[in-house]
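Letters A, B and C name the chains as they come in the text, with residue numbers starting at 1 for each one.
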């Protein structure tokens, strides 16, 4: 008895030795900061002087802050428009790449290019593309006789510019769709054909249902990732003409590092966290209605 | 074996990394860290001055950091660095930062050094005594000035000639007439362009409201001499008149470049699509390099009630926590001396604060002549700020830009700007 | 039958080529712009082809800013991050893949749930902590966390470790191997594809990272490539020709790594996506 116990204890301790750095990491870099940030959100703190406890004032200020509302609107606008576009383009690309044609690798690489260079470099490139006087976009439009807008300089067009740029960023989604496409059982396609259906029917009644898990996955990942958009807005417009591209994380950054209001920024961050948490939980709960899991016999 | 090898490799890596990061603690020379902000055109000038300083003072080494991104970025980075204790010994920044930094006790009071070395600095020969006023906070001097600047109107000489306009506009009415004459929005030609650009603030309050209000005879901000507390009044008759003038130029008379094209401002000027704009010294050196064929000059502010504009400068300041205050002081004296200003002038472009330097060939460009005449006017006043100035201006700018972008009327924008200004002041001074 | 198949293939190719053109046009614009003079970049009407090809842009871009230094900095930061991730996440992944021990699932779930925390929540306290430690404007905040594990990679590597049958590990123990040796000689070699995937993911994430260098680094000598790119914009004026050249060079390692190792990349993505 005691021998086995001792061995079990030894194994447990060994395993903890393996996972210790990770647990320490979770504590130091995730859990403790998270709790600290909750406390900070109840203070006014500019790093130079010491924090001053002000209770729920930050949250009260937040609710009536017009910039806070604008940043929420901008973020919803951005995610709500860009995510469906990206998913649709990614799905089309995945379907195209799933055909057994030659040179697939080249096309896959090309479709993935905008994603791997995502961030500063490509944002600056598109900043030049959207330059109202001599950029590629307006030059192309001028070719067709269309007078292009001021893109990033125009409050109406600033966010659409970023949306256009991000619409080509489909690599990650595309790969996941591809993996999902490959898991669809082919005999079902034949079954549809036998019933007299065409490719569109195949797609609608076989492919889509089997893709619902990966669609769901992409939506969850997509929302979490896109709600945190920052680099593109910062690099291209700095918050945009008339705060048109002031997305939520951009606003947190401004309040934290430009106005040195760490307390308020912390409350903004916590709001984001709660919203994301609730959203994700809601998505999981709702997924039971529309996501089809083959392995579980159709229902999770 | 493999374990030993990989551990050795890791050790070497860690040592290498450590050595890479460790500062050079072995030398006996004193090192001064300097932060400034310069683009590719200006930087060589500053580097030259520093090289000369190091030659004259072999026991001092200068570590120059050119913080890219613009003045606003430099300001934020300095604040963050002060908070983290990593701020440089010497900093070069906008004159009005002194208020903020001195108020927080971040920069050194230079009074005793200044009194001691007065003769050497020959302070009375600074043409602009008010520049020295701008270097002080609560009666004490906290910085040495170099490179004055402010906006004066610049114009494209060729465009004026082609349109048969003999001399630059003298009054607001003439200004509008000239701008109208030189505008053809369908052909992407505009008589005037507001240079409103700033990375953080959406609109430069000074350029769209403040200066114009002064010219109309009013002022948007006054600072109580005794308490130093500011009051903002954006609802005065003059402020409304001034702002309406600016905004109507954009939307009613369509003689001003639309704000959406802000990003193309310099290109449009180079291409001769803009006839008049607000110019400062830094633009002059940049335009001369970027558009050598551009024939441009400057004139004095068109008059409403007066021809007011502001003058400001950049300042060298010293960190209170510096280890070498004497050396830092000698560095900033060096940098702001007459000869060194003459050295930097072709690179930086700002008018020298030493009147003697105005004879230099670099300042004979016609664009400087209007500037010099402007600064000789009594209405040209030094720029004044108060603690929290930037956040108040930023809040005001946010509201004003709604009218600039045509999303609100002049009255609405001024009303909401007044409201947020008071809220910001409440945050800083209230309670 | 035959005709219909050909038609669908033609359709597929048409769309593929159309899509490829759209996707690759920005990059063609990037490359051609990087060889133009400023006047040509700003010229209206637009001319695609530079004339002449100005190779100096690439040289001058490095002179206007110490871009070579930025490259070195980015390389160091990225390499150390990869090292840190490989060390901490393989150890943790192995530990969590072992036979059940007390607290195993609890801590694993705890680590996974940290993926849900958006970075902004932790970033402010972390910044303050680093500020108090005097680590602002050093590389510690950018490198240290990687040595303490990253939830996603731990999850991914654990997936791979789980596919190793217990018998192999048991056999090694019977042969007298210490637990670490089992990990090193049995576990690691069998998950090489996962390690390559993690390396690629980490490389991409750290090389392209902008936010952390932005808030932690103040001196230009310490800047990373991505941070340096933004510095070609002064207030109101951008040196497009240098910017495009520098961007092309900034993207180069990413291209190279991706092109040569894309097999692992795809595999890694698929594994993580489906099982998750």
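Here is the rule we go by: contacts are C-beta pairs under 8 Å (C-beta built on N, C-alpha and C of every residue); 3 or more make two chains touch, one makes a residue touch a chain.
Keep in mind it's a predicted model, so treat the numbers as computed, not measured.
More C-beta pairs touch across one of A-C and B-C than the other; that pair is A-C.
A centroid comparison over C-alpha atoms places B as the chain most distant from subunit C. Each chain gets a centre from the mean of its Cα atoms; for subunit B and subunit C, those two points are 39 Å apart. Taking each chain's centre as the mean of its C-alpha atoms, subunit A lies 16 Å from subunit C.
For subunit A, the set of residues that touch two or more other chains comprises 47, 133-134, 257.
Annotation for subunit C: residues touching 2 or more other chains are 42, 131, 230. Multi-chain contact residues of subunit B (touching two or more other chains): 80, 83-84, 199, 267.
Only residues 46-48, 131-134, 149-150, 152-155, 238, 241-243, 257-260 of subunit A touch subunit B when the two sit together in their complex. Those residues of subunit C lying in contact with subunit A across their complex are 8-9, 12-13, 15-16, 19-20, 22-27, 29-30, 33, 41-46, 87-89, 91-92, 94-96, 98-99, 101-104, 107, 110-111, 114, 116-129, 131, 145, 147-151, 154, 179, 183, 204, 208-211, 214-215, 226-227, 229-230, 238, 240, 243-244, 247, 250-251, 254-255, 258-259, 262, 266, 269-270, 273-274, 276. Put simply, subunit A touches subunit C in their complex at residues 8, 11-12, 14-19, 21-26, 28-34, 36-37, 40, 45, 47, 92-93, 96-97, 99, 101, 105, 107-114, 116-122, 124-129, 133-134, 136, 139-140, 142, 168, 172, 175-176, 178-180, 183, 199, 214, 217, 224, 227-228, 230-231, 234-235, 249, 252-253, 256-257, 262, 265-266, 268-270, 272-273, 276-277, 280. On subunit B, the positions that touch subunit A within their shared complex are 76, 79-80, 82-84, 104, 199-200, 202, 258-264, 267-268, 391, 398, 401-402, 405, 407.
Subunit B makes touch with subunit C in their complex at residues 2-3, 10, 13, 17, 20-21, 39-40, 65-71, 77, 80-81, 83-86, 195, 197-199, 265-267, 270, 286, 290.
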